[in-house]
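Read through the structures below before going on.
You will see two complexes here that share chain A, one where it goes with chain B and one where it goes with chain C.
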Partner chain A sequence: MRYLLAKSWQIYRKDMIVEYRTRERVVTMFVFSLIVMVIFNFAFNIGSNFIERVVPGMIWVAFSFAGMLCASRCFASEKDRATFDGLLLAPIDRGSIFLGKLFGNITLISLVQLAVLPLFIIFFNMTIFPYLTKLLVIFFLGTIGFSSIATLFAAVAINTRMRDVMLPVLLLPVASPILIALVETTRTTFEGGDWQDMTNWIRLLSVFTVVFLVASVMLFEYILEE
Partner chain B sequence: MAELTTRLRITPFGVICLVGLIISLYLSLIWAPRERVMGDVQRIMYFHVATAWIAELAFLLVGISSIIYLWLRERKWDIVAYSAAEVGFVFCCFVMITGPIWGKPVWGTWWTWDPRLTFSMILWLIYVGYLMLRVYGDDIPQVKTFLAVLGILGTLDIPFIHFATMWWRGLHPDSLVMSEEGLGAGMEVDMRIALAVSAIVFTLFFFYLMGRRMALERLRDETEDLRDRLEYMNNDNIRN
Partner chain C sequence: MEVKVNNQFTPSIRLQNLTKVYGRFRALRGVNLEIAPGTFLALFGPNGAGKSTLLNMIAGLIQPSRGALFLDDINVTHGRDECLGSQVGVLSYDTYLYDELTVNENLQFYGKLYDIVDPSKKIEEMLVAVGMSSRSESRVYTLSHGMRQRVAIARALLHDPDILLLDEPYSGLDQDALVTLKAILTAYNKTVILVTHDLDRGLELADRVVILNRGYVVFDTPKNGLTSDQIKCFYKEHSV
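Up next is the complex of A and B:
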């Protein structure tokens, strides 16, 4: 286990250095989320009394699509630069490649969330400070759960002919329970609800995250074999 | 060649299915009593519920055979998964078509985002993704593994979708009226018998179709094999 984590740290470090130098993923995700925010504003033409109900949906549409961009790029860049074979030849466990990529995706998606969420709050004139701990828990669970299946499906989609289309088609239906749970918990939080109002959802989020994280680590090995 | 023709002949199982379907049609369309409130349109329920159960059963089969495929790496389990998915998808489409036909006169709307309907919609989309990957991924060597992974994740996902859709709408009291499908305690004995027969017959029919689909896939493999051998022989001749 320790070995696995040590090796995945190496992969993670490599990816973060690449990202630090190019900044391609963070910037695209950030701009994409902003655009989603602006477009949805037109689509819903939101009045002030609807904001708490609509904005959580917008937030998670923006972040799930940005997350797909991120997951897809983490393998696409390796494929495009032909470094993927090198990664496969490295004498490490396949699970550590997955974990490294997953930690990378979680980090980058969280960074974008940190940057974009305040903008949502500002542009839609909402308050966030009383709900900070709740949102932190929700975003933490949701981002790990979503990223783990997104990373796995990105590894599948990258091999298909129409990789950009295949990822959402495969991922979003499977991710729908967690997306429903995220929108509902975020909405309850913004409406001033307490933990008791969302016990079921938090349970669903946690179980989903654990089940799919474990399943992804186990199944990733099969995906990479030639 | 003789082998091929025997495989495609009418089987006793097929005859049983045909007779069963006719009996089930009679029971649900003529024999079962007319529902007092909804009228004859309620009769679609006998097919709707029977096929809905199969749509779920089929995906469970996809998941189980996917696990066995990853474990044993035998082509036949991939065929089982593929056939179950394809035939299951047809049944799932049938559910999605019969639902609105019944819903329009009874609920006054084609579609509502009720838990069961949302569940079927998401299941249908997972089927679509699975079959799309099968069709568009035919040129990649590891596609069978990918499909097995997708099948397993999809099956793992079913309970989550179930709970998520239930809690999502379950909190709203007005949806309880909408999800009332005339099932359960209020149903007369004759209706229950008709539904049970329909469910059993459709399950048999599903397995019959699946068997035929598997035979077709095996024939395809055989054809592919023969073609390869032919090509090999031709190359051999050219060389000589």
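Up next is the complex of A and C:
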């Protein structure tokens, strides 16, 4: 396990250095999320009660599509630049490639969430400080679960001709339980609900996150076989 | 089709009835080869003969549809452990280098993936050997193709592999890089499989010649006693 994580760390570190120097994915994700926010801002009247019911969905539309962009590019960039074979040739467990990419996706999606969430609050005149801890837990669980599935399906999609279309087609149906749970728990939080009010959704989110994380690590090697 | 050269040794690489099928297309058809340690094998063949497929199988990048592949008598057909994986080095037209990282960062990355004990020292030695020590802090995207290939040579040899697989390594190289590569290959005394369309360069260093055509081995002989013209004639006859 230590060996697996050590190699994952090397791949993660390399990806973060490349991302720091290019800002390729983070900027795209941030701009996309901003566009979603601006469009929804014009679509709905700020200050209405309806806003609290709709904003959680808007947040997770923005973050899930930004997350798909992130996951898609994590393998596509390796394939386009012909560096993926370099990773496959290395004498490392292929699970460490998956974990390195997963940690990178979680980091970048979290960074974009941290940058965009305050803008959502400003644009839609929301108050989140009383619920900050709950939101962080929900975002943390959801990001890991969504990223696990997205990273796995991104690896499936890179070997197809229509990979940009294939990823959302494959990912969204499988990720829908997690997305629904995230929207419901976020909405309950914004409405002032307590942990007890969202126990079932948190359980669903946690179980899906753990199951998909473990399954993704185990299945990744077989997905790469030609 | 099996063409055995010599069965009086313990092979470093053994291919047993290797077949690879992509849908209806058969890239390799029952290839049998035994390659002794230290052999420099030049693998020729027309486009689509299966040369790169064969190399990718030995490298572990793809798995055969049928047949078996042995490295040092260990069946690695469906996967290999980290120890065996580190025995193979690959140099191809793709350099496997990250443009946004420096030369040194790229080699440090691969050094750590290959568990090299003191990567910095080894990297320095390799960069001197390939003539790129003055550009170690340059980002790869600033280098010419020839320079990148020289760094790729350093990357392929960094972990001191027992088997070196070369897929069209001469493509796009400048004169300096060609000279460097030839010098390194001349000094390299382990198993080499070289795929190239350049018959003269391939024959220069090889001690065994194999020609693939349409997935079959159609020619397999030691180079001793054969002239380049004879091999070229045979190659032309069979590369239709």
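The rule is simple: the second predicted complex is superposed on the first by the 219 of 226 C-alpha atoms of A that agree within 3 Å, B and C clash if a C-alpha of one lies under 4 Å from a C-alpha of the other, contacts with A are read in each partner's own complex, and residues count from 1 in each chain.
The criterion applied here is as follows: a residue touches a chain if its C-beta (ideal position, glycine included) is under 8 Å from a C-beta of that chain, and two chains touch if they have at least 3 such contacts.
Given the structure is predicted, the values throughout are model-derived calculations rather than measurements.
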First (chain B), second (chain C), both or neither touched by A:81: second
Which of chain B and chain C A:184 touches, first, second, both or neither: first
Partner chain in contact with A:1 - chain B first, chain C second, else both or neither: neither
Touched partner set for A:149, first chain B, second chain C, both or neither: first
Chain B or chain C, by number of chain A residues touched: B
Contacts of A:174 with chain B and chain C, given as first, second, both or neither: first
Residues on chain A lying within both footprints (that of chain B and that of chain C): 225-226
Residue numbers on chain A that touch chain B, as the complex places them: 149, 152, 156, 159-162, 166, 169-170, 172-174, 176-178, 180-181, 184, 200-201, 204, 207-208, 211-212, 215, 219, 222-223, 225-226
In the complex with chain A, residue positions of chain C that touch it: 59-63, 81-86, 88, 90, 94-101, 105, 109-110, 112-115, 155
Chain C contact footprint on chain A (complex, rising order): 7, 10, 14, 17-18, 21-22, 81-83, 85-93, 225-226
List of chain B residues in touch with chain A within their complex: 70, 122, 125-126, 128-129, 132-133, 136-137, 139-142, 145-146, 148-150, 152-154, 156-157, 160-161, 163-165, 167-168
